[in-house]
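Chain lettering (A, B and C) follows the sequence in which the chains are written, and residue indices restart at 1 in each chain.
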């Protein structure tokens, strides 16, 4: 039984890791909270499902559609919300992205109604039985795809010039500009990369749970924040650590404590971490400059 | 002059109060009074919220959660203990104040963006408990709250509820006004502007932040009690994080850092969709749109637009209090 | 014998494994300007932050006007009578210049007086405003009293900070690189302002500076810090000729080439 929960946690952890990595990248170059991140993910799912509805339920096609849509929306959000408010006090972009979240969630409520909608996708992997565990195809897919995506991201960040430019911008934006890196371009591309990752996560999440609903964005958003902060804001490996921790906590408490409150676990864990070690597990301590 | 707020300010509020007091005499359709009553209640919540965000500069998105704490406390007391309206409302305020003080102690140490996320977590947990727990009635909420009665007189008609909640708003605004124009209010503003510098001129920043956080929650809790005794039913959907976002929208549009701002913003965002009947479905969508657009273009909101050139009216009032200058 | 207002006694500070300060001791008396100089990274700002209360030392004591404030909070230190300006200017940008100074003026009024706006309250408020205006006059910013502090040029913002630091009846003034970012003319008027403040208010002034020329004709005494330890202390003439001081500065320059 424990092994089963562990396997489930891994699958969930993989998905959370993708979401959180996408968010960490975006936060890394923007240094601003993005309240609509989860909602952009979810609406991309809805749009893709609607567009594909009758024609196909292929996993691959759904994946590609969602990723494309979410990347486009990501560019839009970056242009409309974050670029104009970059130099204003933080509260302004915060309020703007909160506004965007409200807008997107309610657009979904208006267009598709409040009820859960089936996320119909053909999963190319069958359910497998191994060592007393039952792994559904979607869960196996989650683990495989998330590992693949993380490897791809790692390669991008460490082996390509583009990736190094991103890391440079995250570490020290001013120095990066001085070295000739085009900040606007990097921010926009990182937004696309981060959004793409969230798109993949959305498809995996939808196929695992079989459903999608308009207010899911809030839960996704808060869990992403939680995982990112727990692992350490701005740290890429931290995002993975935080996500896995969160997934384990959620799965095990759902199995052994109570299903109803599993979403609250993320929050409790988050508040605990914020109090004990605000920089997160792998985060760097950022001292205020007096 | 002998009044608390200064002569000119007094005139303005008086000008607003007279139509407010006379509205019921016009015998308009009942739904107008019901909406106005809700506007009064939410204006209370937002006035408290404004102290925290507008005057003290602490961004929190837990206000709806504390509103809910107050509402549920009042509801439970009314249903199980049959206590009076005043007792329930005060209990609601105290409950919210206590919880916020306990949570605030550790949380207010956090830096800006981390703090926002922590408050989001708080609101999330509150609404989750409200939705799932037995004693809160689960997803179906708590019906059967008794109508308010003061000194034996039952207040059940729309017009009497209107006056009751208007009274509540006047009370809350008066408290806020007194606070803002006092040394404590000055400390809050200094903390907003620059915490380190405020500390260096002798202001106990930690205590100021905790006090403001608790006060904002207490006011929300108080308004929650009013809300429970108004609709006679509470359920968790009214207190989700999304509602905190909407309150933030009302603050942003009405203008933070002024006393009239929250009332204006609340009135606008609640009345306008009703006025444009067909648009009421798109209400939240419009809130969101307004937020996304207003914030970057007019950070000061409606009443705060003047903030661009001169210091806001509130802080100007602080410096001319002594009666000596302009 | 002048009154010792600040006694830095054996202050050491380590951040993790890094020893920022080691056994630093010196005194600042009333009506005296002491400058704390040293090459970059010598620990000057760290020491100032410790005096202020932003950091706790690993060892040693900070005694202000006879009171041991080593473990005190920043606002407690401020209330004893310590005013400060910051390396990165921290005026209240959204408030007017006058309001900035007024914020720091401390008044004691009962809550009943505040609540009912009694005449006593009004008198106290008027007095506070008056004091603020006089301080603005001292730094030469009366004509800018109603302007938002954030709209002022850099040099004038620094003056607002100084006026604000004085407003709290400060007996000890901590100035962190006040001349940074100013042009020649502004620096000259800043020097005479500091001298005026010393004479008129009789405060003790501890000045951290990078620019040695600035402090040479301004200070009564100079303390030189290098790598967290005091390597020299005395009158400006003594310090300037001290071979260790010269080496500390020149040696640094040789390294940087």
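Everything below uses one rule, namely that contacts are C-beta pairs under 8 Å (C-beta built on N, C-alpha and C of every residue); 3 or more make two chains touch, one makes a residue touch a chain.
It should be emphasised that the depicted structure is a prediction, and the values quoted were computed from it without experimental measurement.
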- With centres defined as CA means, the chain nearest the overall centre is B
- Which chain's centre, taken as the mean of its Cα atoms, is farthest from the centre of chain A? C
- More C-beta contacts across B-C or across A-B? A-B
- Approximate Å spacing (C-alpha centroids) for the pair chain A, chain C: 47
- Task: Please report how many Å separate the Cα centroid of chain B from that of chain C, as a whole number.
- Result: 41
- Query: Between chain A and chain B, what is the gap in Å from one C-alpha centre to the other?
  - Reply: 33
- Identify all positions of chain A at which a residue touches two or more other chains, and write them in rising order. 290
- Message: At least two partner chains per residue is the criterion; list those residues in chain C.
- Response: 54, 86
- Note on the structure: Going by residue number, chain B touches two or more other chains at 196
- Given the complex with chain A, which residues does chain B contribute to the contact? 53, 59, 61, 106-107, 109-114, 116-118, 120-122, 124-125, 128-129, 132, 196, 240-242, 245-246, 248-249, 252, 281-282, 284-285, 287-296, 299
- Note on the structure: Note: in the complex, chain C contacts chain B through residues 52, 54, 73-75, 78-79, 83-84, 86, 90-96, 98-99, 102-104, 106-107, 109, 114-115, 117, 122-123, 125-130, 146, 148, 164-165, 167-168
- In the complex, chain A residues that touch chain B: 32-33, 80-81, 84-85, 88-107, 109-110, 215, 218, 222, 225-226, 229, 233, 260-261, 263-264, 266-268, 270-271, 274-275, 278, 288, 290
- Task: Going by the contact rule at the top, pick out the chain B residues touching chain C in the complex.
- Result: 2, 4, 178, 182-183, 186, 189-190, 192-194, 196-205, 307, 309-312, 315-316, 318-319, 321-326
